[in-house]
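Letters A, B, C and D mark the chains as written, and numbering starts fresh at 1 in each.
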Amino acid sequence: MTASTPTLQVAPMPTVAEIRKDFPILQQEVHGHPLVYLDSTASSQKPVQVIEAMDEYYRTIHANVHRGVHTLSEAATTAYEDARLKVARFINAPSTKEIIFTRNTTEGLNLVAYSWGRANLKPGDEVLITEMEHHSNIVPWQLICEITGATLRYVPITPRGELDYDALSQLLNEKTKVFAFTAMSNVLGTINPVAELVARAHAVGAIAVVDGAQSVPHLKTDVQALDADFLAFSSHKMLGPTGIGVLYGRKEILQAMPPFLGGGDMIREVKLSGSSWNDLPYKFEAGTPAIAEAVGLSVAIDYLNQVGMDWITEHERQITAYAWEQLQQIEGLRILGPDPERRGGLLSFIFGDIHPHDIASILDMQGVAVRAGHHCAQPIHDHYGISASTRASFYIYNSLDEVDRLVAALHQAKDIFSF
Amino acid sequence: MDDFYRENILDHYRYPRHKGHLEDPDIHYHDVNPFCGDEITLELKVEDDRIVEAAFDGKGCAISQASASMLTEELVGMTLEEVRQLNKDYIIDLLGIPIGPVRLKCALLPLKVLKAGVWGLEEWPE
Amino acid sequence: MTASTPTLQVAPMPTVAEIRKDFPILQQEVHGHPLVYLDSTASSQKPVQVIEAMDEYYRTIHANVHRGVHTLSEAATTAYEDARLKVARFINAPSTKEIIFTRNTTEGLNLVAYSWGRANLKPGDEVLITEMEHHSNIVPWQLICEITGATLRYVPITPRGELDYDALSQLLNEKTKVFAFTAMSNVLGTINPVAELVARAHAVGAIAVVDGAQSVPHLKTDVQALDADFLAFSSHKMLGPTGIGVLYGRKEILQAMPPFLGGGDMIREVKLSGSSWNDLPYKFEAGTPAIAEAVGLSVAIDYLNQVGMDWITEHERQITAYAWEQLQQIEGLRILGPDPERRGGLLSFIFGDIHPHDIASILDMQGVAVRAGHHCAQPIHDHYGISASTRASFYIYNSLDEVDRLVAALHQAKDIFSF
Amino acid sequence: MDDFYRENILDHYRYPRHKGHLEDPDIHYHDVNPFCGDEITLELKVEDDRIVEAAFDGKGCAISQASASMLTEELVGMTLEEVRQLNKDYIIDLLGIPIGPVRLKCALLPLKVLKAGVWGLEEWPE
């Protein structure tokens, strides 16, 4: 697959202009204006290398994996398992057996809650999450606590949008069996100190489940350095295709867990009287997996590696700092969450009493794509006494000019709604 | 731009008709748009299967609030059977703007609340 | 997306040669021979229309769905929901609310077992499946029976590879709460009388869950005529992409069921104290769905419709009858399952005591791709006292010539292993 | 073709060495390949951490059975520590054929059973 080599190899330091050439979708106009895509926190765009690799996969090597001995099936299996190795290296997992392909972050977190939770939680036990979680890291725990009789507790957040560490010290105790938290809030942008939170969980004997949906695409991730027990993330937020995500799990814990979904590939032997389970990671992958999507994700990781995760983080830091400065100056606009130094590349805000939907629609008429709503995080919004916010988020392909376009469009919104 | 935030939409948003509450409503229903959290409460007084008073309350975007305001204006005098016939296109005509599937959910929330309250139909109008 | 119009429109009756032009993967050579792909039961190949539609989706309209009000998100939502409508029409479902997108058949069956099963099964209840099921329609029921205390029973199969209807009459009774069965066996090729089996299930008050993985790609399907309560199938077996499948469910039943996976999109309101659920079908779709894959599946359905399901069924019937004749004549070869008139387009066989893996490898060296193993259906193989079989399967793009290539390759295998 | 089903592979398949069972084996282990159902049982007699007798039984394809036959031939005289070191490449060399990831699982099943039986390593050799 020659398509898997990004064109950036020659340039020692990528420029945004070069990167943008790889993203066909960004070349278009929306309502007569060049598209400004500021919604990568919801889903990122894909470079042509990723699109072409999947295309190529379907044109040359598709077959079902693992159980076929013909050439295509061997090739598809190799491609699928190479993707697993690529993912393992990307997050520095010790073994490919610890990399489970899921549909998305949400499925990964549900897998942990259902499988680990059902086997390990009982009345009297506590599950600790935080008030800044995405619904994907709230609802599965609500469901499993209802099933098992365990109690769900929430770490509150401070007015600045960070975890309340005093409260955390109280809430995380010997009753806590699992502490699940996001590495980066998709509303506040807050970057949590993952390694420290994991260590705290381990100190009371709890396992640590990290929602990496927003961190893995933007920050260099090393599961061994973080010492996380589980880390879930989504391909579609990190330049990869939809339909695939990853759950990293510590081998010893995965081995001890009962399976989640039952079916093909995850079994060792099926008898009418009962079944036994396949080795890791297959035990947790039931049925035909997302093969082409694994190939796409693998090439997305190549792309991220080639640009460099450090470059990406620094690039986003610069845009975010600039955007923060500019938005701060708009009268009536209030940014949610911490200062630019302690946040990732997104800014959620409220703007006078213009409803976020109306802001987003008006921005869209000027070609600026932002997200409006509760961003699947109602508890944070409840915390601030609002029902929705507007969010602009930045990634590898965004430029400072685009921030200016955002600011100009916001002024327009103000004009329309100034009454 | 002009298309979407037409003067009459902004006008209904700014000066919503029938906003508030009724004393002893015969029908009272509340719901949210799960995709964004917007809320609408609708209250009706009904005599002989005919709506004689209507009021709404809620929070949300200009589209959902204007839609509620415009809809309540039309409701007074309508029979419950007529309410059952109201569909998506009715609301699109009322608003008079082109609208995609996501914003359409905003526009339809008041009608959804109405049909759930009157007829127990818990679905987005089609 | 102009790519969504197959090139067949002009031809009143498609020919295999024309169809093959749409499948780039079939143009290749394997080990120096033109590829003969006889493994569509495991996974089908994709026409260029499907590949290009997904390509186009990523190049022009990708964004996350449902919660974005900007142009791309509206367009992606439209594309995703149009796919749902396409699927609903394809199986004649009364409403799009009854179409849930899953990863594959396996996930659909697990969803029913976990969600419906956990809410409705208790000790003393019985779940009835058959001995000809794929592991995907066995293991989830084994797991849920263990959780709920219900008892799992199996309808045996006759020596001819059909359901034992006398036994069925005994086994299906007022204790039976769910009867789950495949519409077509992926090993025996047996086509079960779905409507009749559903009626029998309903007669004792059980719900009927149909595994449509092998039937939907090959036979015209009408869920209303079948009166099925659930029907699960996979996109990758019906010319569509990997990473997406469908669960059809009867609205009243889906409405009464608790959710399965928790997270974004499936909720109505999330409060710290608990959550409420979104309307159908979203209640059962947690997290970012397989959007590009839905677009691909939608175009695959266009393709199937354009060729015509009746044409496909008849085409496969002819190839299967011919292959049956040819294979019957090979000494030492025994075909599993019923006569050609009562089966779909696949033939599983054993060939002397040559191991199926070895047969498949030798065939592969001659460019012929077949599957070898237990095909994720160990109980059937146990039934015949074998551990594996070799399977050749046919689809829209296969020709009679290819059957001849298969036969020639089998003779080769015999030569190599004749000792 | 010749590549894959070389004469020596077919020879080991036809006339497997060390096929059968031992009396009172010190180590006895059985496992299956979950992807296809092939089975291998391995029995060893061990003296002073050194293998003195080896036998296998099983059913499966030419590759898994030839691999078992070739492996048991090599085992006699080997120390348990040497067994621990055996890896995927060792088997590929032994078979002397090019092999893809799926058939590789067939080839590695005997080694997997060996390492599980001797060292409790329940994983596919890497």
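General observations
Here is the rule we use: a residue touches a chain if its C-beta (ideal position, glycine included) is under 8 Å from a C-beta of that chain, and two chains touch if they have at least 3 such contacts.
In this text the structure is predicted, and so the values were computed from the model without any measurement.
In this structure, the chain pairs B-C and C-D differ in their number of contacting C-beta pairs, and the larger number is found at C-D. Taking the mean of the C-alpha atoms as each chain's centre, subunit B and subunit C sit 43 Å apart. With centres defined as mean CA coordinates, subunit B is found 36 Å away from subunit A. With centres set at the average Cα position, the gap from subunit B to subunit D is 73 Å. Contact with two or more other chains is made by residues 35-37, 103 of subunit D. Multi-chain contact residues of subunit C, defined as those touching 2 or more other chains: 67-69, 71, 73, 265, 267, 269, 357, 361, 372-373, 378.
Because contacts link the chains in a way that matches no line, ring, star or complete pattern, their graph is best described as other.
The list of touching chain pairs reads A-B, A-C, A-D, B-C, C-D. Residue ranges on subunit C touching subunit D, taken from their complex, read 355-358, 361-362, 365-366, 372-374, 378, 381, 387-388, 412, 416-417, 419. Contacts from subunit A toward subunit C in the complex involve residues 24-25, 28, 30-31, 35, 37, 39, 42-43, 45-46, 48, 50-51, 54-55, 58-64, 67-73, 103-107, 109-110, 113, 131, 134-136, 138-140, 142-143, 154, 234, 236, 241-245, 259, 261-267, 269-272, 274-275, 286-293, 357, 360-361, 363-364, 368-373, 375-376, 378-379, 382.
Of all residues in subunit D, those touching subunit C in their complex are 1, 4-5, 10, 14, 35-39, 59-64, 103, 106. Partner subunit B is touched in their complex by these residues of subunit C: 66-69, 71, 73-75, 77-78, 81, 97, 265, 267-269, 278-279, 282.
Only residues 32, 34-37, 100-103, 122-124 of subunit B touch subunit C when the two sit together in their complex.
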